[in-house]
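I've put the structures underneath this note.
Two complexes are shown next, each including subunit A; its partner changes from subunit B in the first to subunit C in the second.
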Partner chain A sequence: MEKICAALESQFPCREAVISSLAELIGDSQEAYPPAIYIFGHSGTGKTSLTNSFLQQCQKQQKVRIAQLNAIECYTTKIMIENVLDALEAKQQSADNMLEFVEQLRCLHGQETQGFLIAIDNAERLRDMDANVLPVLLRLQQLTSLNLCVLLLSQLPFEKYYNKTGLSEIITLHLAQYNKAETLRILSSDFAQVRQELLQQQSHQQQRLAICDEAMTPDFYSNYLNLFLSVFYKACRDVPELRLTARKCFGIYLEPVLDGSVECTDVSRLWRHIAGPLRAALTQIYMRIEKSGETEIEDQSVRKLAQSLELPYYGKYLLIAAFLASHNSAKQDKRLFVKHHGKQRKRMQTVNARAKNAEKMSTTLGPKSFSIDRLLAIFYAILDEKVGLTCNLLSQISTLVHLKLLAFVSGEQNIMDGSAKLQCTVGLEFVLYIGKVVGFNVRQYLCDFM
Partner chain B sequence: MDPTISVSKGCFVYKNGATRANRKSPAKRKNAVQASEVKSSLLGKELTSQPLYVAYTECWQQLHSHIAQLQAESNARTLEQLEMFVTGAGEGSRDILPTAALLTGINQPDHLKQFESFTRHLHARQAARVCVLQSRDCATLKAAVESMVYNLMETLPADEPDDEDDEDERERDCERKRLRRSQCTMKQLNLWYDNNFGGDGVKRRVLVVILPDFECFSASVLQDLILILSAQCARLPFVLVLGVATAITAVHSTLPCHVSSKIKLRVFQTQPAPTGLNELIDKVLLSPKYAFHLSGKALKFLTHIFLYYDFSIQGFIQGFKYCLMEHYFAGNAFALCTNYNKALGRIQQLTHDDMETIRRLSSFRPYVEQINDCKRIIAVLTDDDYLKKKLPQLLRDCLLYFMLFRSCLEFFTELVGDLPRCPLGKLRRELYVNCLNKPITLQAEYKECWQMLGFMAKDEFIAKVSKAIACTEQFLTEQILPLELGDACSAEMRTELHTLKKLLDDVELATMESHAVAIESTCHLTDARPLGDLTQVASRQELKEQLLQRSKHEKQQSLSEYARALHKVLEHIETHLVLTHLRPLQNAPPLHELFVFSDISTVRRNIIGAPRAALHTALNNPHFYMQCKCCELQDQTQLVSTMPDLSVVYKLHLECGRMINLFDWLQAFRSVLRAGDERDELESNQEQVDPQVQARFTRAVAELQFLGYIKMSKRKTDHATRLTW
Partner chain C sequence: MPEAGQEVIKVRRFLKERLQRDYTSLRGYEAERSNVRQLLQRTAEMGESNSLLLIGPRGAGKTTLINAVLTDLLDNKAFVDNTLIVHLDGNLHTDDRIALKSITVQMRLENAADGKVFGSFAENLAFLLQCLKAGDKKSKSVVFILEEFDLFCTHHNQTLLYNLFDVSQSAQAPICVLGVTCRLDVIELLEKRVKSRFSHRQVFLFPSANQFEEYSALFQELISIPSSKELKITADRLDSLELLKSEACTFQLNHFDGVEYTFDKRFVDNWNKEISKLIKSPAVQRTLQTLYDFDISQAFLKMFIFRLVAQMKLEAPHITADQVTALASQYECDDKVDLLLGLSVLELCLIIAIKHHSTIYDRDPFNFEIVFGRFNKFAKVSSTMQGIERAIVLKAFEHLRIVELIMPLSSSGVGKVQKEFEMHKLALTYGQIHLAVQRYQALPTEVAQWAQSSLI
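Right, the complex of A and B next:
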């Protein structure tokens, strides 16, 4: 048991408490295991990797069989059962239902194995599986009368699992998020590795190698990490993500030092250098876009997006028509698109109503649904030229749906009888730019801007 | 029964025992044989041996291989990068799923081909196992994983070592039978991978999963799939390739951060579709290599479909192929549409009918009219042999015309393509269309261009024209010279260019003198200034006069030496290049119809489907399709009782508003039928509706509903709602 703890503590700093309580619970295969343990905590707190290495250590040092699986992969109960049986080296590796599963497990009696550990990642998925899966797993020890423990890992607290039939009690372990000091400690723990990699990178340039060798001290690195965390800690506490970004930005941070333009002790100048790149990196956190040589990352503004999107000419008009149909009420169509729509009488009532609803602009309320007929009618109204209603035109609508610029709201199955409803999913700004490309003033046709 | 020539007469599917029997034996050779058999059996020997078919296949084969080569070249760079990424991903750390996002453009069906070629390429290099996973196979996570695993394990790359003997094949067959869909799980894949590539000596192959239509996947399936792949990627070297049609933001909006943090995204950009089209048109369709040409209108029509509707290069090529077929299948005379020597050989094969086809061409008439010898006219019109003797010269003229046209177009594009605002268009295809449609010199845009050229600064103008000359010369040496008749064409062009160069030299020499004139004129102007001082003007009339005078004066000044030389150059270009060679189609030499396809109305009818219009015609005027004698209509709105019930009901429903009362409709229907049968006059005043009529009516209404024109209303009893407008 101590050996397990010792092996893990160096690997997972700041998790001593959790490791020791885990070790107390399942560290010794001679003792009886608890039936089930529930481990939860946010992403990036080390649940999965900690549990996995704990189990592997157990397997290495004691006569224990382990099974590690991911509930996402188990889209049917059968697959989960097979995976577990396979990992636990049961004789027969297939079972159709939970009853047979339990039977199979019972056959494992009488071998010299002292314990069985089953870890299931993303355990919240178990709730969506067959109704008997979760209760059986929680009482598996009782049902099989083996020294067996099920570890469930998830991001949710266990309260979210309660259902009508109720579940048996479970031991919960919470992995709290790392605080700033702990994060710093974890990030700086891979200093040696980073240094090694850097030295290797610079090995072909003697001068830079020398500077690098000299500058890379633990102090320098932790200084950098301090700066880094001051920007990032508010936005992201996911340790792997932070580690990745920190590595990426460290090259930029080190660059002026390697050039020889800035001393490695001059923290404020270094900060001025790195502040911009850090802020840029902050906007791209979690996006994981890798920079390749030629294609630089375009800025993600709507304008650029609208300009870079290549749509056929009529496709653009259809999109505009869809937007107009989504953001004007059908009552207004006649006024907007028919030339001689007659004069609109201004009544006190309507004026009042409009004043009251000033803040309820339909462009801000979100899109309404419309039928395909209305879409085509508006399309023909806003297009100057005369176009035949051909297959090519109609297939444009489905292309737009495929591109997720339009979406079916209802009646996707019965497009034929005209009851299918669509809505436009792009925003006003986007459509304004599209309109500008084809030379069409969209605002002119929106009730909100009249 | 006579053998079928037209495909439209009927298509019959019959089970071919041969394919099944052949499955076990090496498939490739048999497939090729079968393909050729099928082709000949579909069209019949009578057709395939015709000269027109030979000419057509020859032409299409050339074009097709050229197109394929061009596309392969233009895709090569992206694919190479992608391949580097994929193969490179096999090494390196394996805790994050490497992902490539390929920004393909909005036409998804087109890009499937691209991915297929990528797959073939990877398989050929034996670098990876590839699975193309389409969204239609992935409605649920289960289906997605199963089809992914199945494809990875089962797809045998076509060019896996060819020397497998039958035993191996049979073994594989057994294996195939053993593997059921439900057995395809990640566990199975793991086992399979360990068996096949797990050994130390074996090169680890990357498993590439391609999602060609990223946008069509349901978000939850995609997220789970990525989570599974990333969980597995410590054991199996997965690489994910996403075909993204819109923009990279689509990826980020579909994947939440807990998923996107599992992947490592690299973005690749492919060539945008319009660029691909321009390249295709410039290099293949407008290449002087091919005798077949599209008329300006036809080319415009095809590009219109592309730019306005679908952005599909594949569709464009198919449309072009259709034009090609339509052109050649007009008759054996069109077999002459090849290069010169082959055409000479084919002239002798022409029959009397073919000669008549040639005589009926619309450009033949002006040709006859310009002959002033009576005997020769008669000979041309009646004597086949005489015409055959004449033909080589005519064909030669035509071919030369097209070559010269093309060379001049090169010059002209360079000259006017980059003027501000591009009045005539900046692309070669636009200019081609403009020049071929109408006499270009009469167009307002042309005049605007010429004006702009006249205003240009000297060194700019000289640079432009000399660049245009250089381009044309390069074009001549590279493209025209290797062809037959190329010598004649390039010789003619070169003399033109030579004189042009001389004139350009004049422009250059004109510098000094124009300077002198300018100085002189400025001196002159200083004299004139006090005279024309505008402040001293007394009346408006006077001011106007003075302004007029001044502008005249300035015009005279501008006609300096330089300007005169410049205008000479422009004039030369206009008379010798534009007017003589960039002639529109109506002024083209006789028999140009043999080389140019211009019948767009047929093509339009056949390649653009208009379902609503066709349905309306069918229901409104059934005679149009049925060609029966009984229901010929004088007037579109006419109602005849002999028409099918469905169309009577349809025509009646056109007269109604949004809601249709079923009873009124029935009465109207009945009265139409009654009008046809005078003998039922007696019963007509009966109130009771004949049950047979009612049944026919009900049936017709049900059919109309089935066609989607009406729907029974739920709000109002006994009413139907119209669904069309």
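Right, the complex of A and C next:
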């Protein structure tokens, strides 16, 4: 038991408490295991890797058989029980249902193995499987009379599992998210590896290698990490994600030092240099865009996207028209787009209704569907020049659909008879940029902003 | 001193095993126990047929009661010779076909039934019961134990239940049907024709609510080591368990057996003295009272003691009052608040925005756009949350959805609606959010202030 702890604690820093309580519960295969343990915590807190290495250590040091599976892969009862039986070397014939599963496990009696450990990752998926899976797993020890323990890993609290008649008792362990100091400690444990990689990269340039060798000190790296976390930590606490991004940005941070333009001790100038790229990197966290050979980090904001979208002139107007059609009700069209629409009488009722729903504007509630006729009518209304209704123009609509800027709601088959309904899938911000490009004020034509 | 170390390990192993694997010792419920025992005895000896439902909350000791009664009766030779026990579990026997196959196997009639074709379920069951009569003048009686009885009610036409109850009423063969369930309304689940055949004998097991003294005595009993003489007595009682030869009921195979353990007498005395001192300390009494207020079932207490015992180590051979209170405080904390504390500041900001929306619009559903708009209003005036792109906020919103702090209103409408506009509801109380904001480490002051009031 102590050996297991010692082997794991160096591998998983800041997790001593959980390792020791796991070891207390299932560390010794000669003692009775608890029937089930539920381990939960946010993603990236080490649930899966910790449990997996723990079980592997158990298998190495004691006479224990283990099964590790993921409920996403084992999405039906049959696949799951076959996997468990395979891993526990208990399989004689195929098992179709829970009864046969339990019976085959019972056959394991009298063998030399002292314990059985089953770990199931993404356990929240068990709720979507047959109703008897979870209750049976939780009572598997009692049903099979083996020294057996089921470990369930998930991101959810256990209360999300309760069904109508409740479940049997389970021991829950919570893996708390790492706090800032712990995150820093884990990230800086990479230092040796990062340094090694850098030295290898620079090995062909003597001068840079020398600078690199001198500048790369633990202090320098932890300074960098502090700067890095000051930008990233408020938006993301997922350690694997932070680690990945920290490595990516470190090259940019180091670049001026290697050039010789900035001293490696001049933290404030280094900060001025790195602040922009870090902010840009923040926009593409979780996306894991890998571009070979390019160190520059691209800005992935909506503005950039809108500017980079190359649509024909009429295509842009069609998109704007589609947006207006999606977010204005058809009743308002006359008032918005016809020159002499007559006087509108303001009634108290409408004023009140609008005031109440300030937060429920159509731009926040989502697009409504519209017909192609209405789209074209609005298109002609907002476009100053005269264009003929040619097939070129109509093909623009299908281009927009292909680009997923518009989407069919219904009637995809019968476009010709006009019963097809479309909706616009881009957001307000995006359309505002498009409008700016063609010189059209979109806000002016939205009922929400009147 | 190596011996003392060995003793500690041995005690830990002993206590763990007794807590986990003692399937047959029942505490309390004397009246109910004798009731069930008499019923089974009459079935075995006089050939009476009967049916009975055992109802009680989870962890109350329903299965233990049956096991205890069986253990008692196995001493009786007439009972062993005269009865067959058939165990069925609603979670395992999910339909009547599986159940019938299992009944055949457990009655050891596979050979007799092999190759026969039966027109109906009733015919099949009648044949099985008929087989028992053959050879003997007196038919063998069968005890059917149905765990999770309520799940059998969902089977098609309730055929199994109908036939079992029908046989038990019409005195074809002596059978006794014992249903075990935790649903109080289980009678209402039965079809009319099934209900009318049921004897309406119900035994309720409810852990008593106002007996804290017994609870703390139980705590002491479970955690102290009995003398070797007491161990011997319980072991003798279990000897008869070996006579129970059923494939479906295997608890005797790894049942806890106290005879394997012998302890140093001085150590045992010392241990028991420490334990009684521990229980008398006011801190432990208070903790036990809170545990008692949480859950009065014995299963809960056993699990608590199991975790306590697991903490015993060579360096710390005794259970201390601090350990008891520390472990109990783990039960008190709210899992959702713990999860909230693990969120990033951005995600917590979204939760706060959702909370403001919910208070203003009386828990109306919300989508990403609404929350983002509210968050943006705050981010514009704040110094810490500026310059966060929409894509990242969306990612944070999705993370909240993955950990089910917010849940989509309908699970079916996925795909039709864009994810920014899909309506969600909040799965937290305002109290939990408030608590999380208070406890969050190094939360920017302006965020904490924003959580207090929606005015920016």
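Quick note on the criterion: the second predicted complex is superposed on the first by the 292 of 450 C-alpha atoms of A that agree within 3 Å, B and C clash if a C-alpha of one lies under 4 Å from a C-alpha of the other, contacts with A are read in each partner's own complex, and residues count from 1 in each chain.
We take it that a contact is a pair of C-beta atoms (placed from the backbone, for glycine too) under 8 Å apart; a residue touches a chain by one contact, two chains touch by 3 or more.
For clarity, every value in this text was computed on a predicted model and none was experimentally measured.
Per the contact definition in the header, classify A:Asn97: touching subunit B only (first), subunit C only (second), both, or neither.
second
Among the partners subunit B and subunit C, which is in contact with a greater number of residues of subunit A?
C
Is A:Tyr286 in contact with subunit B, with subunit C, with both, or with neither (first, second, both, neither)?
In the superposed model, A:Tyr286 contacts both subunit B and subunit C.
So, does A:Gln396 touch the first partner subunit B, the second partner subunit C, both, or neither?
In the superposition, A:Gln396 contacts subunit B only.
Now for A:Thr364: first (subunit B), second (subunit C), both, or neither, which partner does it touch?
After superposition on chain A, A:Thr364 lies in contact with subunit C alone.
Give one of first, second, both or neither to describe whether A:Asn132 is in contact with subunit B, with subunit C, with both, or with none.
A:Asn132: touches subunit C, not subunit B.
For A:His109, is the partner it touches subunit B (first), subunit C (second), both, or none of the two (neither)?
Second partner only, subunit C.
Looking at the overlay, what does A:Pro240 touch: subunit B (first), subunit C (second), both, or neither?
The first partner, subunit B, only.
What is the contact status of A:Ser10 with respect to subunit B (first) and subunit C (second): first, second, both, or neither?
Neither subunit B nor subunit C is touched by A:Ser10.
Share the list of subunit A residues that count as touching for subunit B in one structure and for subunit C in the other.
43, 286, 300
In the complex, go through subunit B and note every residue touching subunit A.
Answer in residue numbers: 81, 96, 105-108, 140-142, 145, 185-187, 213, 215-216, 224, 227-228, 231, 245-250, 252, 257-258, 260-261, 263-269, 272-274, 305-311, 608-613, 708, 711, 723-725.
Spell out the part of subunit A that touches subunit C in their complex, as residue ranges.
Touch residues, subunit A against subunit C: 21, 24-25, 28, 30-35, 40-43, 45, 97-99, 102-103, 106, 109, 124, 130, 132, 135-136, 139, 141-147, 155-160, 165-169, 171-172, 174, 176-177, 179-180, 233-237, 279, 282-283, 285-286, 300-302, 359-360, 363-367, 409, 425, 427, 429.
Mind pulling up the subunit C residues that touch subunit A in the complex?
Subunit C reaches subunit A through residues 12-13, 16-17, 19-21, 23, 57-59, 89-94, 98, 102, 148, 150-151, 182-183, 247, 250-254, 299-300, 302-303, 306-307, 310-311, 335-336, 338-339, 341-346, 357, 360-361, 367, 369-370, 373-374, 384-385, 387-392, 395-396, 402-404, 416-418, 420-421, 441-442.
Taking the touch rule as given, give the residues of subunit A at its contact with subunit B in the complex, in rising order.
43, 70, 72-73, 75-76, 79, 82-83, 86, 121-122, 238, 240-241, 286-290, 292, 295, 297, 300, 305, 308-315, 373, 377, 388-396, 399, 402-405, 416-418
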